[in-house]
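Next up: the structures, one after another.
Two complexes come next, and they have one chain in common, chain A, joined by chain B in the first and chain C in the second.
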Partner chain A sequence: MLRFIVFAPLLTALLILFGSPARWTALIGSGLTALATLVAFFRYDAGAGGFQFVRSWTISESWRLHFLLGADGLTLVMLILAALVLLCAVWFTPPIEKSERLFYACLLLLASGAIGAFASLDLFFFYAFHELALIPTFLLIGIWGTGNRYAAAWKVTIYLALGSFVLLLGLLLLYRSVPVASRSFDLRVLQSLGHAGAIAPAAQNTIFLLLLIGFGVLVSLFPFHSWAPEAYASAPAPAAMLHAGVLKKFGLYGLLRIAMPLLPEGARHWSWLLLVLLSGNIIYVGLVTIAQKRLDWMLGYSSVMHMGYIFLGIASANLIGMNGAAVLMFAHGISIALLFALAGEIRRRTGTLVFSDLGGLAKIMPFAGFAFGVATFAAIGLPGFANFAAEVMVFFGAFRVGADLQGLHFFQVTTVLALWGVVISAVYMLRAYRMIFMGAPNEKWNILPDLAQTLRLPVILLIAATLTIGCFPNTALRVLRPTFAPSVAQSTR
Partner chain B sequence: MTSSLPWIALLLPLASAIVILTITRPLRSVSALVSVAAVVGSFLCAVVIFYRETSAAASFSWIDLGPFFQVPLALTLDPLSRSMLFMVTGIGMLIHLYSLGYMRDDEGKSRYFAGLSLFMFAMLGIVLANNFVMMFIFWELVGVSSYLLIGHWFERPAAADAAKKAFITNRIGDFGFMLGILMVWVATGSLGFVGIAAKMGSLTNHPGYLTAAALLVFCGAVGKSAQFPLHVWLPDAMEGPTPVSALIHAATMVAAGVYMLVRTGFLIDASPDALHVIAWIGTITALLAALMATQQDDIKRVLAYSTLSQLGYMVMAVGLASGEAAMFHLFTHAAFKALLFLGSGSIIYMLHHEQNIWRMGQLWKRLPLTCLTFLIGTLALIGFPGSSGFFSKDAILALAYEKNHTIFALGAFTALLTAFYMTRLVVVVFFGNKPRTQIAARSGESPAIMVVPLLVLSIPAAFGGFGFFARRFLTLPNESHPGAIVPLIALAALVIGVGSAALIYRNRESEPIHLALFRERFYLDEFYSFLIAATQGLLASCSAFIDRWILDGAIVRGLSGGTWSAGFVLRLLQVGNLQAYGFLFGLGVIGLIYFAIFH
Partner chain C sequence: MIPTPALEIIVLVWGLILLLAEAFTPKIDKRVFAFAGIFGLAAVLLGSFFLAPGAPIASTGFWSFYTADPLAIFFKRFALVTTIFVLIMAIDYAPTIRMGVPGAEPHAGLGEFFALPIFTCAGLMWMASAIDFVMIFVSLELVTMSFYVLVTFTRRNPATLEAGVKYLILSALSTGFLVYGITWIFGVTGETNLARIGLALTTNDFDQVPLLFGLLLVLVALGFKIAAVPFQIWVPDVYQGAPTPVTAFLSVGSKAAGFVVLLRVLTPFLILPQVGKVLVAMAALTLLYGNFAALPQTNLKRLLAYSSIAHAGYLLVGVASFSGTAVAFYLVGYLLMTLLCFAVLIVVAAHGGEQIENYAGLAKRSPFLAGAMLVGMLSLAGVPFTAGFLGKFYVFDAAVQQRQTVLLVIGVITVGCGFYYYLKVVRAMFWLEPPNDSPTIRVSVLSRGAMILLIAGIFVFGVYPQPILRALEARPATSTAATR
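Up next is the complex of A and B:
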């Protein structure tokens, strides 16, 4: 099952490079992948918990390298997200003029990198799959981007490569932090060592800091975020969908999967730093988002801002917050993908995303107006959408850490700031909607065609996904609960 | 007895919204009928629930995280929610019917009725919620439907701006509301109203914490019920279609804040300090809004400010620790204010969307039934003896007289102002020597589908205050009446207000009094714009500057080795160099790993 999910996009990419019709092959390949993730999701035995569908191949005994796949609830949620966004990104790909095959192959490779990283239980492949995804990112922005695309492509690549280098250092130190005899790249082994307290607290502090910075750069943790808005503004819409929606979640996934459960002491030691930085994401970047004058930059910054909430859920280190963070990763991936997709469609028609040039589009493109409105409501966390359910869990999880009735402490203050962020995101999202879709229609745009009929299906798919989780969060929590329950110490639940 | 009727009442409007959105959107009249059918269904359920005292079956687990965090969706059915259910569906039904006429030729009729259905769903959710998170869910949904309906005519910049303003102002209130919920939850470990009430002991031991939590919960009501200082969105919300103003921005949604305060009375009443603040916020709102209302020229804006003012009375009653008095006024106000708004809608509809009262005049000859019902509504609003508003306002004033004389004096003065501005409105709109414009002169009476709801609403507006009638629905406040002094003062205020306005405005062609401070709403909107520009705007620009020129410009580019000239980048982009770069990077990684494993 997992083998299929991991290799289907890779094989599809190869088929396309070898001459299979690009668009149809990509659609079928990603559609099958998405179906397979759903099947795996429903076949996962939540009662038993743990990693299931485990498959292992030995690559090199002396290097202790094993290609090891497995999935628990967190993996499955991320896999569904990745496959669904991949399918929609492929669907939303407009006709490509230069090297269409390479474009589709790059999209599929980008997604395979993310999928492979999520499904790997071996640290080496976990890392390597993510590195694999950086190359298509670079090509997608550098070749098919808009604006100052070369600079943007280089900036994002160098920035992410530096981040992954710090991450690699952290992972290697983690590997070496346990006695020689029990060293392993196998996450399951590391987890049991971590629970047994085999990693010394001092070492935990150093490693956690490296992992936090390394993963943090990949997730655009403040102040390492400035690659993101520029890259997303320059990237073609399908690439922005996949990167902001899926690949960026790799860093958060790493924190939830590796840093938090293996290094609880380190996490406690550095929680103040994480809280300060994530407040920067929410308040500082939120304010920067308000000041944006173009939709693509605004969406880029808003996706940086929303990472703050996921970090907050992770920082709380309790069941409520971590489950909230996991659901929010899914929710944010869906809503930002939909927003980038629609922004791409608008740019294709008008050639501009500057707010003051647009206006009244809901009259001219009613379906696009409807879809963008729904995505806006999802992004600002209104009930019914997964974002709301997740944010509620994050707020409740974070607010209760160290709470007493004497006053506000660090976690409570940060939660208050995060709650204010909810006001900030309403300000910029509704302003964008007001300036693009409401008001009197601009004469120039009187004849824009609405979203093509065939593009309405992926829009509905994305909306349906977020509504399902938003109205029935227990569908996701069923598999997520057993993932986090063992790793959270009894006392901090 | 338990039954699924409450769930049906709640979910019918949701089903209607979904059906309209997915199926009947192109068929505008069918959409309207679907929505009306749903609300009629909900009303019938509400009637059965009201008379048979059913309680809700089954609850549904929304979030289940084991013993640590459970959010069920379950319904509360007590006398309070049963009567509220009855009132909301009843008035909602009349306004749906009225909308059939008012929105008959609107292009976005399907969207409009879907919005109304969504609103009914959300409002019933607030009424029936049995825990804080569930209430917050529907609280936000009500905000969404209000946004959609205020912005119904979204091509009009004023409507689009008003919708945004309403939503964001409410979000500010909700910021406090959510924080209050979190504080209560941390202290009691419970989200359900019953559960919290049982564990109030853990809060009352910490009066400071309790006051903070109660006031934060109150913040939600300040936003939703448009209390000072978050009242600025409600007058602008009048940009929406008039039936929406009647249903959402007068009778039901804005009253949800008061309902929530009564529902969580166990929390609010436990903190005397919080009660004190709440009473004063209500008093200030009542007074300021009444002052503003005296100088407005738009018929809907006069009514909007009067709504603010009356909500102020209700909040005042909550602050004086009498939820009963607040609910009593909420009910009578719902009837007479819906009546007044629908009456104004009838005029606006027949005058082709003219809203300036100085362009009307002598309309009693043209719209006699509208005039008659509007007069009934006005008498109730100004508290004419025997009308519904007389009893409910008197209950609040008597309460204030008992507990706080300053608040009583301000409340009585507000009553005088109410009589003044409503008389001004009626005199200018319906009487005078002649119609002031051609359009007013040629107008006729509205169609039956719009007049019938007016007639039906007149009945509770006129008689709803009598104890034998009101007691069927509500627990009335205790009759510890401090003698005849309160009604006498109220009557004096009424006579002075009506008399002076009648003298000043009789047969006037234009406004004789000019008080810029009231007309310009104490310049609060301007002050807020300035405040937003000076804080959020300035901070945002500064942050954006820092991000672009310092964090990104200097640090990142400086670290990444200075300038990348375009030619150099282009050369590297050639596939050969990319491979070289990837190869080197891969080599580095493998080297590191080798070192880590074998050394």
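Up next is the complex of A and C:
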């Protein structure tokens, strides 16, 4: 099952490079991948919990290195997100004039990097798959980007390369910090060692800091966020959808999967730092977002800002907060992908995304206006959408930490600030909606076509996904709960 | 079962036969000799898998200066593979050589160009087995002498002559340092055999200052061979000026042999604490210089020269972390990716030039070459699933194990630099449009096959390192300390 999910996009990319018709192959490949993730999701036995569908191939005896695939609830949620966004990104790809094959291959490689990283239970491949996605990003932005694309491509590539090598150091230290007899890259082995307290607290502090910085750069944690808005503004829409929606979640996934359960002491030690930085994400970047004058930059900054909420959920380190963080990763991935897709469609028609040039588009493109409105509400976190369910959980989880201390704890201050952040995001999202879709329509846009009929299906798919989780969060929580329960029980002991 | 020393002898005899045959057949197409050389070396490579077990290290006689341990056999194969690929490149490069050599015959001079690398190969193979300073010196000289000729081979080209002179003078100087250092070490310990030097160092109480002085002189000479800072001054000019196959040979074969000798020489001296500090300083400087100086380069050959300094830095991190296996593994990745880049460089240079701007739009002009160069560059930069990444991973792991914090911090920064200058080439190939008058590029079947082999090697060893690790296992007792 997982083998298929991991290798299908990779094989599709190869097929396209070797001459198969690009668009149809990509659509079929990503569609099959998405179906397979759904099948895996429903076949997962939540009662048993733990990692299922495990497959292992030995790579190196002397390093105890295995190519190890496996999935638990968190993995499955991320895989569904990745496959769904990939399918929609491929669907939303407009006709490409130069090197169409390479474009689709890059898109699929980007996604297979993310999918492979999510499905790997081995630190080495977990890391390697993610970095594989770096080069397609470089090519996608550099060849097919818009605006200041060269600078953006350089910045994102070098930033992320540096971040991932910091991460690599952290992972190597982690590998070296457990007793020799049980040294392994296997996440399951490391998890049981972490629960047994085999990693010394002093070592945990160093490793956690390295992982926090490494993963933080990849997720655009304040103040390492400056690559993100620029890259997303310049990237072609499908690439921005995949990168902002899926690939960026890798860092958060790593924190949830590796840093928090394995290094509880380190997490406690650095929680103040994480809280300060994520407040920067929410408040500082939030205010910066309000000041943006172009939709693509605004969306880029907003995606940086929303990372703050996910970080908050992770930092709370309790069951409800971590569950919230996981659901929010999914919810944000869906909403930002939809927003970038629509922004790409608008740019394709008008050639500009500057707010003051647009206006009144809802009359001209009613379906796009409707879809953008829904995505806006989802991004703000109105009830009914997945973002609402997730943010509520995050806030409850974070506010509860330190509540028994009778007084305003650091966590509660941050939660209050984060709640005000919701107002900030409402301000910029609604303002963007007003300036683009409401008001007097500009004469020259009167002839713009609405979203093509075929493109309405992926929009509806994405909206359906966010509504499903929003109204029935238990679909996701059913599989997520057994994922976090053991590690939380451990850290609250 | 073949006795190990026979390998070098076969290579040497084959080289002599080719050289003589070449002298008596002035009329034929000289590329025959390249094919003959490739064939002979491939046969020896095959033979190296059917070796009789080598004798243990003896106190006197042949086995006191020649060893057949796994490391030696590993690097013999390494030298053979390198030379085979260099000869394949040389065939493609033949037209350029013909232009650079004065002579009436259409094939004048080509025969020697194909025969000399075989002698270099024999020297490299002896270096891999040398465990006595005398043996090290002699085999090193065999390598260097043949390189003197090869570097200046296209002697009508002033840049090549300049490169040749620089290489000759500086190399001769470094040889002087080596001999002088050896005499100091011999003067203190009374031994030239590395194992006995180690034994003498642990049992007797020596004055450390003259010993360290001697070792420092030896390190200068070896630093020259592996292009470590501050002995790297010659590298950019010589690499750029020399015929490209020779540059590839220098940057892979010569460097690898230098590292083997470095590992062997350092083994007995590791009980001296100062040695580690010198190595750390050398590694740090080499990393910084190589990577930062590569940033502004616009000529690909020169860029690869700086990149070879940079990689010497990563290799030195492995040496400073006492991990011979990491160094050996890194060298394998380095061999594959460097040869691949040079092979593409030769083909593209024949249709344009060596500047990075000549690569503009290569993805459209020749998707195969662009793909090959992409793989090479990504591997050099250290992107996962390539041998280059696994090498870096291994070296960094060794450094983490030894808590080399300074080197790790510098390493992370320089990897970032690497991404910039290697991706500059990728940028030219994929982002930029080809110039309008650009000719189509044809790749010969042989080169195409060689490139596909190298690409396959990069991916296979990038995912499945076990064959190399197994070949390096089963250490003999003498080199355990350095190659743990």
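Throughout what follows, the second predicted complex is superposed on the first by the 486 of 493 C-alpha atoms of A that agree within 3 Å, B and C clash if a C-alpha of one lies under 4 Å from a C-alpha of the other, contacts with A are read in each partner's own complex, and residues count from 1 in each chain.
Please note the rule applied: a contact is a pair of C-beta atoms (placed from the backbone, for glycine too) under 8 Å apart; a residue touches a chain by one contact, two chains touch by 3 or more.
All figures in this text were calculated on a predicted structure; none of them were measured in a lab.
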Ask   = Given the superposition on chain A, are chain B and chain C in a clash or a fit?
value = clash
Request  = Considering only the touch criterion stated at the top, classify A:Ile59 as touching first (chain B), second (chain C), both, or neither.
outcome  = second
Request  = Check the residue A:Trp154 against both partner chains and state whether it touches chain B (first), chain C (second), both, or neither.
outcome  = both
Task = Please work out whether A:Gly142 is in contact with chain B alone, chain C alone, both, or neither, and reply first, second, both or neither.
result = both
Request  = State whether A:Tyr175 touches chain B only (first), chain C only (second), both chains, or neither.
outcome  = both
Ask   = Looking at chain A, which partner touches more of its residues: chain C or chain B?
value = B
Query = For A:Val166, is the partner it touches chain B (first), chain C (second), both, or none of the two (neither)?
reply = second
Ask   = Counting only touches as set out at the top, which of chain B and chain C does A:Phe129 meet: first, second, both, neither?
value = second
Inquiry  = One more residue to check, A:Leu102. First (chain B), second (chain C), both or neither?
reply    = second
Inquiry  = Is A:Met429 touching anything from chain B or chain C once the two structures are fitted on A? First, second, both or neither.
reply    = neither
Inquiry  = Shared contact residues on chain A, chain B side and chain C side combined as an intersection?
reply    = 63, 124, 131, 135, 138, 142, 150, 154, 158, 161, 168-169, 172, 175-176
Query = Which of the residues in chain B end up touching chain A in this complex?
reply = 61-66, 68-69, 71, 133, 136-138, 140-141, 144, 151, 154-157, 160-161, 163-164, 167-168, 171-172, 174-175, 178-179, 182, 185-187, 202-203, 205-206, 209, 536, 539-541, 543-544, 547, 551-552, 556, 560, 564, 566, 569-570, 572-573, 578, 582, 585, 589, 592-593, 595-597
Ask   = How about chain A: which of its residues touch chain B in the complex?
value = 63-64, 124, 131, 135, 138, 142, 150-151, 154-155, 158-159, 161, 168-169, 172, 175-176, 223, 226-227, 230, 284-285, 287-288, 290-292, 318-320, 323, 360, 362-363, 377, 382-384, 388-389, 392-393, 395-396, 399-400, 403, 405-406, 415-416, 419-420, 422-423, 426-427, 430-431, 434, 437-441, 472-474, 477, 481, 485, 493
Key: Sites on chain A touched by chain C in the complex   = 59-63, 67, 99, 102, 124, 127-129, 131-132, 134-135, 138-139, 142-143, 150, 154, 157-158, 161-162, 165-166, 168-169, 172-173, 175-176
Ask   = What residues on chain C touch chain A, complex-wise?
value = 363-364, 378, 381, 383-385, 389, 393, 396-397, 400-401, 408, 411-413, 415-416, 419-420, 423, 426-427, 430-431, 463-466, 469, 473
